[in-house]
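Both complexes below contain chain A, partnered by chain B and then by chain C.
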Partner chain A sequence: MKKLLNTLYVTSQGSYLFKDGECVVIRLEDGSKKRFPVHVLDGVVCFGNVICSPFLLGHCAEKGLAVSFLTERGRYLASVHGPQGGNVLLRREQYRKADDEESSATTARSIVAGKVANSRAVLRRCLRDYAERVDAQRLQGAIGVLDGCAHRLKTPVSLDEARGLEGLAANTYFGVFGELILKKGPGFSFTGRTRRPPLDNVNCLLSFVYTLLAHDIRSAIEAVGLDPQAGFLHRDRPGRPGLALDIMEEFRSFLADRLVLSLINRGEVGEKGFTVKESGAVFMDEDTRKAVLVAWQKRKADEVVHPFLKERISMGLAFHLQARLMARYIRGDLEGYPPFFWK
Partner chain B sequence: MMVLVSYDVSFEDPSGKKRLRRIAKVCENFGQRVQYSVFECVVDPVQWTAFRDRLLKEYDEEKDSLRFYFMGKNWQRRVEHHGVGEIYDPENDALIL
Partner chain C sequence: MRDTESLPISALQHYLYCPRQCALIHVEMVWEENLFTAEGRLLHKRVDAGEAGRRGSIDEERSVPVRSERLGLYGVADVLEMRTGASGSSIPYPVEYKRGSPKVGDWDRGQLCAQAMCLEEMLELTIREGAIFYGRPRRREKVIFDDVLREKVEVSCRAMHSLIEGGVTPPPEHGRHCKNCSLLRVCMPKLSKQRKVEKYLLQGLEQ
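Here is the complex of A and B:
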């Protein structure tokens, strides 16, 4: 069984990463050095002005470490990988399945079903735990709509229908998402999802956590030898990791969104940690970003029982298992893709 | 699992310094230096075999000593630290720099 390894996040501006033996060494701007053996890491995420030596990048590629570069604010820029590995036959089959409208629709249906079920579970959980503090009627209404979507997804749908249901589910869910924020006040009000740029604090947190999720899922997909760009629900667009976005759908609500909610509701991030730029875009400061990263690493170490494999695993490994299940489905060993259901 | 590796290298002959440097280098590749000649290494059995093999190649049986302490999987509660030195837990700490 694969072990959940640590991810190294480099947020110190002006630091330099290089390889020494089997280690990643970070030289910070004040000249101090820190070293980490490569085998305890499964990825490196660099924020802003962080420089990596080509030999380190090559070594990471060889060892299967994902190296991603993000802006200081957390917008995705690029990632580095070595020569294309994995099984070309598996990838070819992936393209064939993605090209075929019918099998794309089947896969998309599983993915959307996973997303709808998990969004609904998040709303239900909140309704159960905080019945007095939330607008139960609105949440009930939204759960009803999601129930409807789930029901429609029990029978085969076309690709367009699947996409339509995904949109409906997302709109409904984000329509009541503001209710889940128990800390009332102007600092963390949520009226709807905005991105590129996020226009309020909650959206800023959501976008950042989604970027982290995308990095992890993308590297899980690459580790099993699939092409992260060829998706089923998300159609091809240059530079867009369609398959990574597909697998992300089932994790968004119960992993990323709930993390954001608990950060806000437990007061681990405050309003003061955010600044608004002239354009209206909202950015978070360094301490807030670190708090989110720490919480994200912790959440990934939490244990859950995998609904399909019935095994206790850490949350971070679920990405790898889902990627592997996707590969098995594409190879034809599984009849359908089993999305991750959160209970 | 966690293995604690500590070594004592004799400086009696001029090649001692070289051996010390090489042993330290091998240890750095697998773990974290917690004191001058003490390393904490999180390794799986395969990595441990390779690591041990390389250490045994570098040291001099007649003059040096190598000690390995096997702390197992739940090593976190068996270790306490006091005083100076910044030490990270490679399995559970969020590595943010």
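Here is the complex of A and C:
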């Protein structure tokens, strides 16, 4: 009976969070306070210079809420979790499967299938809705390439092939992603994916939304007792949340990218909300960041029917269900990992 | 049982309700609270907060820790009424508090019987009966610890220990008991290996 609750995002620099009874209280730098009952929250995310009292951390841990710390610009630093949620048998099985080339390939195939099908669905949706405003031929071409990837994924692939198809799908999709931005002009042109740091406004938005998505998926993975670092498609690299990146693949296009597109296309973020540093790195201002956080939280509350479970759920709960399905697959209740196919 | 870990009596109740539920909680370490578990938790908080003392002619003790080395079980008896036995000795009469109504299955009775068997081992006496107080309706149901129930506790207890030590969660058996299970969403009892992920994958790629 898990319910989607609100995530408390604290972006005001210099604020102090403490516990008062059953409430989280935020004291801002100017001394004003805001309070939120703990039972309406499923997590607290602190950006930058935000301080939490140890009693609040303990209380959140006891209630099963993770408190996470990110830099002001959204790079993940650390989380505080309660003692629950650790099943060593599940994690051992996860490592066994991740070590095994064949079962990694099977899982990676599912993950890439989710990514390819959902990227294609986003392009098709755009082509259908805005046929006159986009370069239909370019989009059609990209869809054709993704069709080819989908076809190849209908039969088993090796791990290297899965990785190759993932790369091809990503390049093809981002090759035409600029077409999906209907608000033309220099402010939101997109020529390709750049990161660390993002070099234009669109990449800046994409990077930030991916951070939010990665954070939520990481929390969901930890909540079901899996290790977010040991992935199947993504090779192990110390400090990299491989499994979180794996499960993110199916959500990027239809959830994160479409959110960025609608923020731009509906004018909810403007060119003035971004600044360019000497190096060319682009950052968004506080208001823009807030607009993204509000839109993200709203998008998570949207209702969808889970394609595999056929249950009506809120989008934010889909992260938990995918993590749960991954755990069920790893423990042997399912013969494969069913990705979230967006329709 | 001596070479194995001791397990909580509540695990036995879970096992009697559904072996998969027991494994999900004690092997997979998952727990999700629902209305029923929350109500149960609050009820036990109230029972535990009550004071020991005399109710009428009966001495009452609350939240009494119990264990059995032989069964490899430990737990807490909600209430022990100390009653005078035939020989004039004091015999504990365990009373367990449950929020719901009397159940068709034996899981509540089995839990109470296991408590009694723990007490028997600790105190070296025989306990013939106890009671379960159900919140709906508010009344007591007497439980006789007969050979059939004791045998069931013994057998289930052994099976539960080997299940948990084996570390393999049994596949779901979807049934009526799933409706009130707090782990329904975690268990996903309708997902079985028959539900072909491969077919789902091909459909998703086809669209």
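Assume the second predicted complex is superposed on the first by the 339 of 343 C-alpha atoms of A that agree within 3 Å, B and C clash if a C-alpha of one lies under 4 Å from a C-alpha of the other, contacts with A are read in each partner's own complex, and residues count from 1 in each chain.
Just so it is clear, a contact is a pair of C-beta atoms (placed from the backbone, for glycine too) under 8 Å apart; a residue touches a chain by one contact, two chains touch by 3 or more.
Note that the structure is predicted; figures quoted are calculated from it, not measured.
Asker: Look at A:Leu309 in the shared chain and tell me whether it touches chain B only, chain C only, both, or neither; answer first, second, both or neither.
Answerer: In the superposition, A:Leu309 contacts chain C only.
Asker: Would you check which partner chain A:Leu90 touches, where first means chain B only, second means chain C only, and both and neither mean what they say?
Answerer: second
Asker: Counting only touches as set out at the top, which of chain B and chain C does A:Phe36 meet: first, second, both, neither?
Answerer: First partner only, chain B.
Asker: For A:Ala131, decide between first (touching chain B), second (touching chain C), both and neither.
Answerer: After superposing on A, A:Ala131 lies clear of both chain B and chain C.
Asker: Just to be sure I read the superposition right, which of the two partners does A:Arg331 touch: chain B = first, chain C = second, or both, or neither?
Answerer: second
Asker: Does chain A have more residues touched by chain B or by chain C?
Answerer: Here the partner covering more residues of chain A is C.
Asker: Which residues, counting only chain C, touch chain A once they are in their complex?
Answerer: Residues in contact with chain A: 27-35, 167-169, 171-172, 182, 184-186, 188, 191-193, 195-198, 200-202, 204-207.
Asker: Chain A touches which residues of chain B in the complex?
Answerer: Contacts found on chain B: 25, 28-32, 41-44, 47, 90-97.
Asker: Would you tell me which residues of chain A are touching chain C in their complex?
Answerer: Residues of chain A touching chain C: 1-2, 84-87, 89-90, 109-110, 113-114, 116-117, 121, 150-151, 153-154, 224-225, 307-309, 324-325, 327-329, 331-339, 341, 343.
Asker: Taking the complex as given, what residues does chain A use to touch chain B?
Answerer: Within the complex, chain A contacts chain B at residues 3, 6-12, 15, 20-23, 26, 28, 34-37, 39-41, 290, 293-294, 296-298, 301.
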